[in-house]
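I've put the structures underneath this note.
Two complexes come next, and they have one chain in common, chain A, joined by chain B in the first and chain C in the second.
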Partner chain A sequence: MKAVVPILTVLAVIVALWYAAAVWMNAPWERDQAARAGTAITFAQLLPLTMVQERPVLPAPHQVAVGLWEGLAGQAITSKRSLVYHGWVTLSATLLGFAIGTTAGVLLAVGIVHNRAMDLSVMPWAIASQTIPILAIAPMIIVVLNSVGVSGLLPKAIISAYLSFFPVVVGMVKGLRSPDAMQLDLLRTYNASRAATFWKLRLPASMPYLFTSLKVGIAAALVGAIVGELPTGAVAGLGARLLQGSYYGQTVQIWAALFTAAFAAAALVALIGAVQRVTLRRMGMAR
Partner chain B sequence: MIWLVFAFGFWAAAWALNVRLAASSLMRSRAGRLAVPAIFGITLLVVWEGVVRGLAVPGVILPPPTAIAARIAAEVPTLWLDFVQTFVKGALSGYIMGCGAAVLVAIAIDRSPFLQRGLLPVGNFVAALPIVGIAPILVMWFGFDWHSKAAVVVVMVFFPVLVNTVAGLAASEVMQRDLMATYSASYWQTLWKLRLPAAMPFIFNGLKIATTLALIGAIVAEFFGSPIRGMGFRISTEVGRLGLDMVWAEITVAALAGSAFYGLVALIERGVTFWHPSQRH
Partner chain C sequence: MAGPVIEARGLGLTFQTGDGPVHALKDVNLTIGRGDFVSFIGPSGCGKTTFLRAIAALEQPTEGTLTVNGMTPEQARKSRAYGYVFQAAGLYPWRTIAGNVRLPLEIMGFSKVEQEARVNNVLQLVDLEGFGKKFPWQLSGGMQQRASIARALAFDADILLMDEPFGALDEIVRDRLNEELLKLWARTGKTIGFVTHSIPEAVYLSTRIVVMSPRPGRITDVIDSPLPKERPLDIRDSAEFIAIAHRVREGLRAGHSYEV
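So, the complex of A and B:
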């Protein structure tokens, strides 16, 4: 509870600053309109006008809220104007890609932990790949897969998978290595096989690391799906809404899509956080 | 067919070599530890080349590495122009502004626990959001040139660095702060001589995360509109023209620039935080 008041204060300050910025950035257009009509405009007249522009430079928070509400609840969810529809298009690609990337990442991590040659040859590249702007290859993957006849969900999912893959590999390798020498020695005195060591010690010990990297991975997967929608000619999805909005100057539409994406990201991360808490508590690892 | 056999033969041989190297005593030397990943990387390139040539994959789907290398050699002036536009003007200037602002804001809110309790959850929340989405808005505000790219980069790097710096400023121990108090050190002296140095490992952690974000932000922002140069512009137009070898050339440059940028920051970190356990080995 102690944190609620400061957070609300900060949010209130942000909203207030946003309103001030909206007035300041939208005012030139209103002044321009007034000058063209040959009338003088006072600040008191100008103020309400900056709040209700059709295509504001910066939409006021309530305009975004209205746009968001109409997009989420004001349409049938199958409508092309519905943010639920576009959000689902993006979300399904995100989830599919996340599942592929996580599975592949965990498998590779298991291989790396159990094979020294694989560890030495693959691990440096997995770490180095995190410093590379992987997102830059997104347009290429889409176009190339399109030209070999794969389109729709899968190309976006592959970009998402690629982005969530490396955080999972790095985190999972760290996790599978986290049991200390004492614990590994204990299992050796029990004459435990490698498989038993893996299932009974390494895998349970890696869970906190896995969940931490899953949170990073799913946020990255969502970014990947959104960026993956940009070069396909803006058909459907949140990325397409962003691109259409920027083509046609529909700023409210951009902000509404942006907030939908933000809520989706927050919900996904919170979901994994909830699964993490439940799992770790049942495993007796909760702090 | 010969190419395929050669590629897989090379792969098997290199893997056998790596397995033997990994088990040998060479691993205790630095050169040995570098050799294994290097061999693996070369193997990937050879297999790529062999598969593309062996299966006669058309260049518009996947060009072989030699074609990409030839394109890089032939297009150095264009690549350099794009590099300057995207990396030096867009990413680097945004990175410096964003990280500088984040550290300053962290120091500014440091004296107010109230602001910290309010700003940190918000900052953590924003750091997990798909911030690249604001690119179209900022391109609309700041125009097509590098200013809008720098603005995207500023927003992208700000929150990770802010969160890390605030965490870092809390990292000095009570005992150490008490010692400064017994010296009757002022707030600024304590900050400058104890808390900022103690925060450096955290700050550099944020700075390293931000290097990748900066390059991603600058490239993706160019997908929303740019002058007729820049890495993101070149990638999206060459993809449209199916000039895939040029796309790969740009990606190579981006990868090299990203790694070099990260390496540079890591090098500075080693110089600044030489006292930290993670740097002493």
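So, the complex of A and C:
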């Protein structure tokens, strides 16, 4: 209970500020309407109107909540208006991209730690890859892959992987290098091979680092999948909902899709946290 | 087997650093026979750890010759001639105590049955039977260090190299572990090289005490201990013990080791 009270307090403050902002941002439109009709409008009359606009600049929290509820529970989950349907489209690309990104990240990290040439050559490119705005490169990836006949899930997954491999590389390189000189000397006294050093020391020692990276990586993978949906003509996925919403000024729809994405990200990070706890406990590394 | 276990002739080791060469060891001559318990004592920078690491082929001497079991240190390392105990226990937190002791056996390819038997055997030797299933963090520092000694003993090398293994422990625990180490040495007949900076520890444990001094790291005195093999802790109050400790202190002072 002690943990819940501060969280609810912060939430209440955010909601209150949000309502205040909604009134402030939606009021000009109501005043405009009144002016056109040639009538005067008092603040008391204006206040309820700012809460129920069709296309508010900033939808009030309850409007977003209703939008979310209708999107998640008010439709058949196969419907094109269902956030569950769109969420799944995005999630499947996220998970595939995350799997590709994590595999690539771990393999690159293993290469960097064991091969001096890779150590010197790969890392600068990995860093450079992340300085390119994803919004600029995503359409290129879609177009290029489309021209060789690859479309659908995979191009989006590749954009996801593009964002999610980086934290995994950085974390795993650090993790694989975390054993200190004494630990490495100990294995030298056993005349241990590099393979034995990797499997018995470097890999287990890197596990805490890996999980931290995976949490960052999966959130990045979700962003990648959403960005990957923007230039595809906005057919399906949370990215498509965001784009459609902005075409038609459906701000409630945008916010509902944003919240769905945020909840999905939180759930994915929590899932990895749970796997981390179980794994580290079974390894004896959690107290 | 006849012949020395470890023999150094004119051994020198120079590190090239940004501030110019550092003579970690210079003209070291020493012969260690089978079953000896040899302590290396001296202040920091006297090269005692470097010498131990050179024996273990963790450092490369730049001058002179060094043989271990009649081989080069590198060959000795490859034939797994020694067990090495570091200052910190360095147990893997993700392995149980038994798992940690089993580590060298897995790497060296012992059979499962053999691994099990040896782990039980050495855990008993260091008085840790029944703790095999515990994780390192569940044990005290002294017990962790005993587990690390068990790990060094597990593959039954004839030589045990110990680099200030009890340096981080409090004196009460250290006394007990010293006593146990002597018993273990008596039972196994291993040749032990033991680095320390404690005079009582060196005198209590050793059959030979090698006094070293820094800049450059060199041997200033080698003392053959006249103490009997059986050594209760209160031998440290005997006149003989105090006389040897005095000679060690004189040796350290002669090397300008402790500039007070």
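Following the convention adopted for this analysis, the second predicted complex is superposed on the first by the 274 of 287 C-alpha atoms of A that agree within 3 Å, B and C clash if a C-alpha of one lies under 4 Å from a C-alpha of the other, contacts with A are read in each partner's own complex, and residues count from 1 in each chain.
The rule is short, and it goes like this: contacts are C-beta pairs under 8 Å (C-beta built on N, C-alpha and C of every residue); 3 or more make two chains touch, one makes a residue touch a chain.
Only a predicted model underlies this, so the values are computations on that prediction, with no experimental measurement involved.
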Three-chain arrangement built on chain A, chain B and chain C clash or fit: fit
Which superposed partner A:A192 touches (first chain B, second chain C, both, neither): second
Of chain B and chain C, the chain that contacts the larger number of chain A residues: B
First (chain B), second (chain C), both or neither touched by A:P48: neither
Which of chain B and chain C A:A262 touches, first, second, both or neither: first
Contacts of A:A117 with chain B and chain C, given as first, second, both or neither: first
Which of chain B and chain C A:V10 touches, first, second, both or neither: first
Chain A-centred angle between chain C and chain B, computed on Cα centres after superposition, in steps of 10 °: 70
Partner chain in contact with A:G245 - chain B first, chain C second, else both or neither: first
Which superposed partner A:P28 touches (first chain B, second chain C, both, neither): neither
Which superposed partner A:G273 touches (first chain B, second chain C, both, neither): neither
Minimal inter-chain CA distance - chain C and chain B, angstrom: 11
Chain C-contacting residues of chain A that also contact chain B: none
Chain A residues within the chain C interface of the complex: 182-183, 185-192, 196, 200-201, 204-205, 207, 283-285, 287
Sites on chain A touched by chain B in the complex: 2-3, 5-11, 14, 25, 57, 116-117, 119-125, 128, 130-133, 135-137, 139-140, 143-144, 147-148, 215, 219, 222-223, 226-227, 230-231, 238, 242-243, 245-246, 249, 251, 254-255, 257-258, 261-262, 265-266, 269
Residues of chain C defined as touching chain A within the complex: 56-58, 77-78, 80, 82-84, 86, 88, 90, 92-96, 103-104, 106-108, 135, 137, 155
Chain B - residues contacting chain A, complex: 15, 18-19, 21-23, 27, 33, 36-37, 39-41, 60-62, 114-119, 121-122, 125, 128-130, 132-134, 136-137, 139-141, 211-212, 215-216, 219-220, 223-225, 231-232, 235-236, 239-240, 242, 244, 247-248, 250-251, 254-255, 258-259, 261-263
